[in-house]
Amino acid sequence: MSMLQACLVLSSLLFCVGLAGALARSNTILVLLGIELMLNAANLNFIAFWRYGPHPGAGTGVIFVLFAIAVAAAEAAVGLALVIAVHRHRKSVRLQDANSLKG
Amino acid sequence: MLGSGILKGLGVTAKNFVGSYHDPARMVTQEYPDTPAKLPEAYRNFPFLVTENATDPMGTLRCVACQICEKECPPQCIYIEKSKDKKPDATGKPQLYPAVFAIDTAVCMSCQLCVEVCPFDAIKMDHVFEVAATNRFEGLLLNREQLAKPNEYFHQIRPTEAAEVDGRLTAERQAAAEKAKAAAAAKAAAPKPTTPVAGVADPGPASPRPATPKPAEGGTAP
Amino acid sequence: MSVVATDSFLERAPLLFRDWIVGHFPVALQWLVHHLLTITAILTVFGLFFAFTTIAERKLLARLQNRLGPNRSGLPWFRTLKLWGLTQPFADAIKAITKEDIVPAVADQVLHFLAPVVIVAFSLLGFAVLPFGRYLIPVELDAAILYFFAAGTATELAIFMAGWGSRNKYSLLAAMRALAQLISYELPLILSVVPVVLVTGTLSTRDIALAQGGWTWGVLPHWHVFTPWGFAGFLIFLVAALAESNRSPFDLPEAESELIAGHLTEYSGFKYALFFMAEYFGLTALSGLGITVFLGGWQAPCAFLEFIPSWLWFMGKLAGMIVFFIWIRGTLLRLRIDQLTRLAWQFLVPLALLNLGNAAFWALTSGWTGPLALARWAISAAIVIVPFFLLGRRLTAGYAPRTYRYAA
Amino acid sequence: MSFALLLIALVLLGSAAAAMLSRNLIHSALLLTGAWAGIAAFYLWAGAEFVAFAQVLVYVGAVSMVVLFAVLLTRQGATAAPVEFDSYKRVVGSIITAGGVGGVLLGAIFGTPLDVPAAPSPAALTVRQLGLQLMGPYAAALLIVGVILTVALLGAIVIAAVDKPEDPAP
């Protein structure tokens, strides 16, 4: 197993952990955290390919990760604001309770 | 302007800082065990007994064991036993004296009532406050010998009151001496100069500071 | 710059000492010993610095209030030797270690234990990238400034862990306050350093310190604080650093009058001392960064003073900063939580953003000379002073100038 | 396989799995912060210093704070009641799904011939180069990210802010 493959295995395992968490839990915050984990797992891949790919000199992978981190931060902020807003209306953070369009 | 108040405040504290090194008047801290505490004159803690002569404390107690203080004391911390005999006091007049005079400082509440009621200015409030003891009862029970302190000490701790008390006592004694003299003169002027009361009324205690009451022989406490 | 001054024996003495010790070990172990020595040096120097900061703080605060301060602790067995109370921190340490360690029965045991450990560990990380001298920099990183701020963020987590793990309402309230405060002031703190990064074009602390070398006529140092944008940035940095290290006047998380002792309420003995230590380490590290970024790092203020080794200059400046912070603590009152956040978001952040633009202007006009240089200074100063007045007036509207109805 | 990578992987996966399994939301959030720090450690190991520090700054410093605030603001009741799993069916289903996805991914990884350079040249990407690239070829993306962040910030404030007319009935 080469270094690149090891990194990819790590990232896909992390992705699976995030996926399982996001699917198994019903607490909105935990689901959001699971999605964050999956995003981070994707970022691991970028770094792995940048480091062990054919062109480590080009910073594409690193820059992509930087952008992904920025976007993930925005996503987390908005997502958690949504959680708080839903909690204010429904007094619950269970995903299943937020099932009607009318607030 | 924003920040001007901050700068002003920094100036004040800086002045404090510099001043604390060269201006002793700024410092409020007393380093107590090293330098003795400066107590205000009217500070009072526990009572003590005034004696006229430092060399002979037991012989010259002003207390005549009248027991007024014992009766007045609200927490009843004073215990007095009268003497069986009489001894001459500062003016030479024979008086009773306390054979036992004890104050339980564990009970005393420093109310100063004993001082207020004493007709002889014999008991006064003290400045001592370091009276800790290692046992619970005996150490805090002060007896006659521990309580007696000379008049000079009284002058030291509260000069104004001591001067006033001394002035009053002197005046009283002078008045008494003059009265005695007048009485003696009257007696002398009276028909026959008999010699009934010789040794009692004539003596020298007319001197303002009655620090020399002769009776050295009366000094031995019973 | 004479070679003698910059490369003297004293300048290199710490390095020579380290190399001398490392030389005793087999080659395979040398890198390990090298790093361990660096770590030990930092721990020793800043541990002692912390110890004497506490006594300095107590003595200085006392003097600022016309008191004497601790002056009694001497040495054991030498009772007559008082040493002006300088051994107080060691007595305090012995007391802290020997005190009982109390953990509330319902506390979250793991978090309660981890919080002080985490906070000390992470508050020490910042020291790794500070250039303590011309040749004394523990880790030379390309992105040192970024590393410094990244290392500092975990202390917030530790404070939260302490507050939540204690299962105490006051602790939790304090933790929430601390989070709000730290997040609010992280922004101006970073924004105040960014102009320097912009002008020097590097994130490395070593290069930033080097960029401030040189003097005009041998006496006027080229430190960033002596430029309009640098001065404004330094002031913003000072305020934000005070708030980041939870110090008075921003010590709301441990406001004794409101929250008992904040997140430290349920801590005792050595754990409490660890929090205390972390607070001072954080303050020292932030001061070190401020010195590196604005006050010329290890550079001497005048050319003829260069014979003094650079690490002494750094430590001197560090002590100066700490004394200044103590002075501030002895002077100012604690802010209210709404005033605190208002100050950050309505005053410091806009000012810091404007200052960033100011630095960009400065960097763009670096070619202006002669009378244009004066214009450059004037414009740059106006960019920070005018908004300072306007924002300051808005911020203090309704508060200042204060009228005292009953005071004489 | 280097020992460091193995260690990082163990810590990372362990804390992530523990976070997803924990019944205490705060523990979940803190463990996840640990996982994010582990990812930063991976970046550091891979030589991407700048990304690692950015990851710590953004995730450990900011996102974790937001998560903790959200957890505390949405607590039910005074006691921190454990957050239970919904049902066995759901848990088993999710694990099967995740396992399936993982199998596919692993199969893809080992099935694809990756052209790996025999000795990967040490990545020499200085911060300066990174900055120049960001400001040069990727300037437009940088601007767009800036706009996204600003919009997200405003949006988050608008969403989370208390509605003006509070309904009187509790």
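Should a chain be cited, it is by its letter among A, B, C and D, assigned in written order, with residues numbered from 1 in that chain.
We adopt the following convention: contacts are C-beta pairs under 8 Å (C-beta built on N, C-alpha and C of every residue); 3 or more make two chains touch, one makes a residue touch a chain.
Remember, it's a predicted structure, so these values are computed and weren't measured experimentally.
By number of C-beta pairs in contact, C-D leads over the other of C-D and B-C.
Per-chain Cα centroids separate chain C from chain D by 30 Å. Centre to centre, using the average C-alpha position, chain A and chain B are separated by 88 Å. One simple way to say how far apart two chains are is to compare their mean CA positions; for chain B and chain D this gives 83 Å.
We define each chain's centre as the mean of its Cα atoms; on that basis chain B and chain C are separated by 62 Å. Shown for chain D are the residues that touch two or more other chains, namely 50, 54, 62, 69.
Residue positions of chain A touching 2 or more other chains: there are none. The touch graph of the protein chains shown is a line. Those residues of chain B that touch chain C in the shared complex are 1-3, 5-6, 9-10, 12-14, 16-17, 19-21, 26-29, 31. Against chain B, the residues of chain C that register as touching in their complex are 60, 63-68, 327-328, 330-332, 388-389, 391-393, 395-396, 400. Here chain A touches chain D in the complex through residues 1-10, 12-27, 29-30, 32-34, 36-37, 40, 43-44, 47-48, 50-52, 54, 56-57, 59, 62-63, 65-67, 69-78, 80-85, 87-88, 91-93, 96, going by the rule given at the top. Residues 26-27, 30, 33, 37, 40, 49-50, 52-54, 56-57, 60-62, 64-65, 68-69, 72, 126-128 of chain D are the ones touching chain C in the complex. Of all the residues in chain D, the ones that touch chain A in their complex are 1-2, 5, 9, 12-13, 16-17, 19-20, 25, 28-29, 32, 35-36, 39, 42-43, 46-48, 50-51, 54-55, 58-59, 62-63, 66-67, 69-71, 73-74, 76, 83, 85-86, 90-91, 93-95, 97-99, 101-102, 105-106, 109-110, 114-117, 120-125, 129-130, 133-134, 138, 141, 145, 148-149, 151-153, 155-157, 159-160, 162.
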